[in-house]
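Letters A, B, C and D mark the chains as written, and numbering starts fresh at 1 in each.
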């Protein structure tokens, strides 16, 4: 027995390539509860990229382990996860927090333990607080709500809009920015209505909107509310153009609202079309092969985050948190969504942003910046 | 139910052993925590905050027998008091202890204001009305953006400091919480044994008979509500100071329900029960962290099983700190 | 010092439970309230203690109106009661059931009690001592730390009276104190209650057990259909044919009534003799 | 203006009907057991998932289900959930029947957590599109828009509620349930099978809740594991508002709550001149609930429990 065991041990030691170094990446997102789908598919994109690299022996002999934790989209839970990553010395970079609200509570902790993070929360405030150990490899809401406002004014010749917000961090933030941009461009916001984030019935809100007959309705909310809104809007005979943020960029949006109810709806997201480049098409194919389902709305960003980490590991002087942070802030990398680099506060210098229009059963690119 | 006093005194040895074991476990945990990694300290801190909340709510539920499902409102009052008075939001940076005082007073006032109209209701009606008040407070906080930042919450809260000593690292927060839990626990324990505490128990047992012996039940209940709210608000300030970020999503109905569950599963009306309940509902899911959704399923089933097996809670009402201390000295 | 009912009336919808009752009770005496079921005996006690509202008329103690006051205020003006169905604080200990009666007098010192342990200890000891004194009187001292709900039924009855006594009442209202007790317990209770007679105290006992009433009470109030039928000493009550009729109902068979009345008289007569 | 008014009235009636179906379950369980069944919202959710399961597994292609398939799915699902409700009562509440009042309530919270998480694990946490049980046609009603789905919901809800009302008031089982609801000890003494009555309630409550869930899912075109939580709370509020324990009260409370919500959305910004927007709608609902309870402490149609007649013993 003993001999067999030591033999096995010897074999396995031989099997692993020597001098390999291993780092851990802290992955934090909601993995249970209603938002689990987004957290899981986002992380899957990252794993997809790195499983391949790991299998090939990693970057310069460095392979990546995942320390995946559920933050339940809850700020308190988020701080515990953050501390867990901080305490684990093998974790040298974090891919953390899908929700801005959670990021608000965890960023000070990462800052204290000097753990560099790629943050996914898109609230503009996050980068305004002087954190030195964070970058945001995704367009913030400022960029993301500018495009729809411009499009509404210039392409749709809209004069008036009604804004609906779910009074959550994301929904309220992005709809305010839309409103500001829409007004700045000469449009008029007739009314701003708020709904509860748990609402499913918008008929009474829609009856209010119908009476105002705006050209455009902007709904700052997430799935499934925007699908419900689109469906009920159609059923109640409201004919304005509907614009929604990134949550709508999923086939679920069309199936849940009903294909007939979402025709012409505009969806803004930081994600380029899946056929925009060979790299993205390749990604979509790989994802489906590996996970047996279509990529989630943010899977491509997980993949891009994997590409950023690869570039960071190629350019870093060492594997300490500080060295990785330094490399992260100056990295310039060609990714599936284009060339990315960060400015002083960790924001993308050029943040890609796209606008889609629902046509038939599909999203057609209507504009980008 | 047997005559607890008699049956326990019949076997002093056994209870002494239990007392020593329980006390030793508590002392060991308290002493070991500062040497644990920060993550574990944060988990313990979280536990301590819930224990503090449990102690507060227990006054209303366990001692006075009123089902309050809106307790989180007072927690929110405390947290937002700190957030507003020690952050760039209003550009006020008051000292921590002063804010704790202000929060305690505000908590008490809110408790009384909410208490006056609702306390003549009973049972389920009281539960739904307190639930309603809790939700109203959360919705208002979520919507007065100019003051509370709305859903965005308030970030960059000051680090707390007491007499020039900064309290921000997990271990420092741990000491702060430990002292607070101890002091509040002691206060509440003495309160329970005071004449007011006895009146609460009488109201819990039979409100009508309590009136019949001259207890002004409205005032006594208000006192329970106010004390409980004050403790909730104090817990809120420490929570805000440790997280240094507050947003309405920390103060949902689920949070209120969690605290109620903690009290009932642990053992209603008993501080040790609250510790046990918090350990199960806060610590256990944290230990099972790797299992993501399965842990919540497990917790749900465990809750049902525990309630069926021990409907009165894990720790009996009579097995309080007093019993522990008596057991320790073999009395 | 007297307890006065004046044109007292209690009505639930069309149903009149107490109809125009006027009487007064003097301290130092024990009053028995008797009457058939539904005569309004318990209603009288419930109204006096503030459990029921008064529809019309007034109740006053020493010229102070009690009706309209809140229940706890009535209790604090010196009126203590027991209940037909025992209502103890079940999960509190026997001692605590009595100690809590000090609440109205001591609640204002709660802060001091909590924050200054020596004072707290002193008060707790004082309350405990005065509670023990009452327990000793009722022979309950051995149960001090037991849960009230765990006591045998008879002891619970005693405890409830003890609790009422712990309020140091000027008026003691006992609602069927002997209900459910066996002979031995009833005798013990009767003896204890007799000892409670005091020049400062009015005692009102609603009871079906004639033995107890006739033995114990100095005056008897007979209620019938919500009205005050008769009031007098036990001997007077026994002599009144009205009372016997009321008790036996309005059966048409006059012979039966007579026979039963005879029987009753014989019984009461024996008891009355024994008493003297 | 008239159009908007009619529109809002129809909207409120639709929402109110769904609330009512669920509120009935709360109120019946409370009637016989004096227990708030926090897992009742989950019966609503299970109804939708069960119907979906029947549709996919037994009927096949969801897009092409005929009237037969829909009927099968509807009745199959509600009956299955009914039996499920009885099973849960046996497992999780029955052992606690003689315990404190709080115990079964908290046990039901555990059941609720278990069911939601279980469905999340089995069916995935994200919302799923649900086929419409009626073809959606829009009708114009004096300027307001009414859909066929709304009419279907109104009709289905009224039929179900009428059936329940008849059963409770006319059938033998209904009499037994009412007797137990009046006083369990007395019923027991009279030799009434209390367990049977409780089972009947735990069958019909979840059944109605499940029906509500299916109607809801087909109206909104969507279902999710957490859909029971919010609607459950609202239905519970409605049951309390109407006077918990009272069947007509639950229905009345549900429609009042729906009208308050719709009216709040429509009128709050107008009345307060924009100071309080639609986001304060739930504040208004709760405020009205509290006001009603202050005036009528047992709800609108609840039997007034007078201070005098009730023995208030400890509640938990």
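Odds and ends about this structure:
By our rule, contacts are C-beta pairs under 8 Å (C-beta built on N, C-alpha and C of every residue); 3 or more make two chains touch, one makes a residue touch a chain.
These are the chains along with the protein names UniProt gives them: B = Branched-chain amino acid ABC transporter permease.
Only a predicted model underlies this, so the values are computations on that prediction, with no experimental measurement involved.
The interface with the greater count of contacting C-beta pairs, when A-D is set against A-B, is A-D. In terms of Cα centroid distance from the overall Cα mean, chain B ranks first.
When chain centres are set by their Cα atoms, the one at the greatest distance from chain B is C. With centres defined as mean CA coordinates, chain D is found 48 Å away from chain C.
Chain A and chain B have centres, each the mean of its CA atoms, that are 37 Å apart. We define each chain's centre as the mean of its Cα atoms; on that basis chain A and chain C are separated by 75 Å.
The residues of chain D that reach two or more other chains are 117, 120, 125, 277, 279, 282, 307, 311, 313-314, listed in rising order.
Chain C has residues 51, 87, 90-91 in contact with two or more other chains. Annotation for chain A: residues touching 2 or more other chains are 32, 36, 167, 194, 196.
Across the interface of their complex, chain B is touched by residues 31-32, 36, 69-70, 74-76, 79-80, 83-84, 86-87, 100-101, 104-105, 108, 112-113, 123, 125, 129, 167-169, 171-173, 194, 196 of chain A. By the touch criterion given at the top, residues 32-37, 167, 192-196, 198, 200-201, 203-205, 207-208, 210-211, 223-224, 227-228, 231-232, 235-237, 252, 255-258 of chain A touch chain D in their complex.
Note for the complex: chain B touches chain C at residues 1-6, 187, 190-191, 193-196, 198-199, 201-202, 204-206, 208-217, 220, 317. Listed in rising order, the residues of chain C touching chain B in the complex are 49-51, 70-72, 75-76, 80-81, 83, 87-93, 96, 99-104, 106-107, 109-110, 113-114, 117, 120, 123-124, 127, 145-147, 149-150, 163-164, 166-167.
Contact residues on chain B toward chain A in their complex (touch as defined above): 37-39, 41-43, 46, 139, 142-143, 150-153, 155-156, 169-170, 243-245, 247, 249-250, 286, 289, 292-293, 296.
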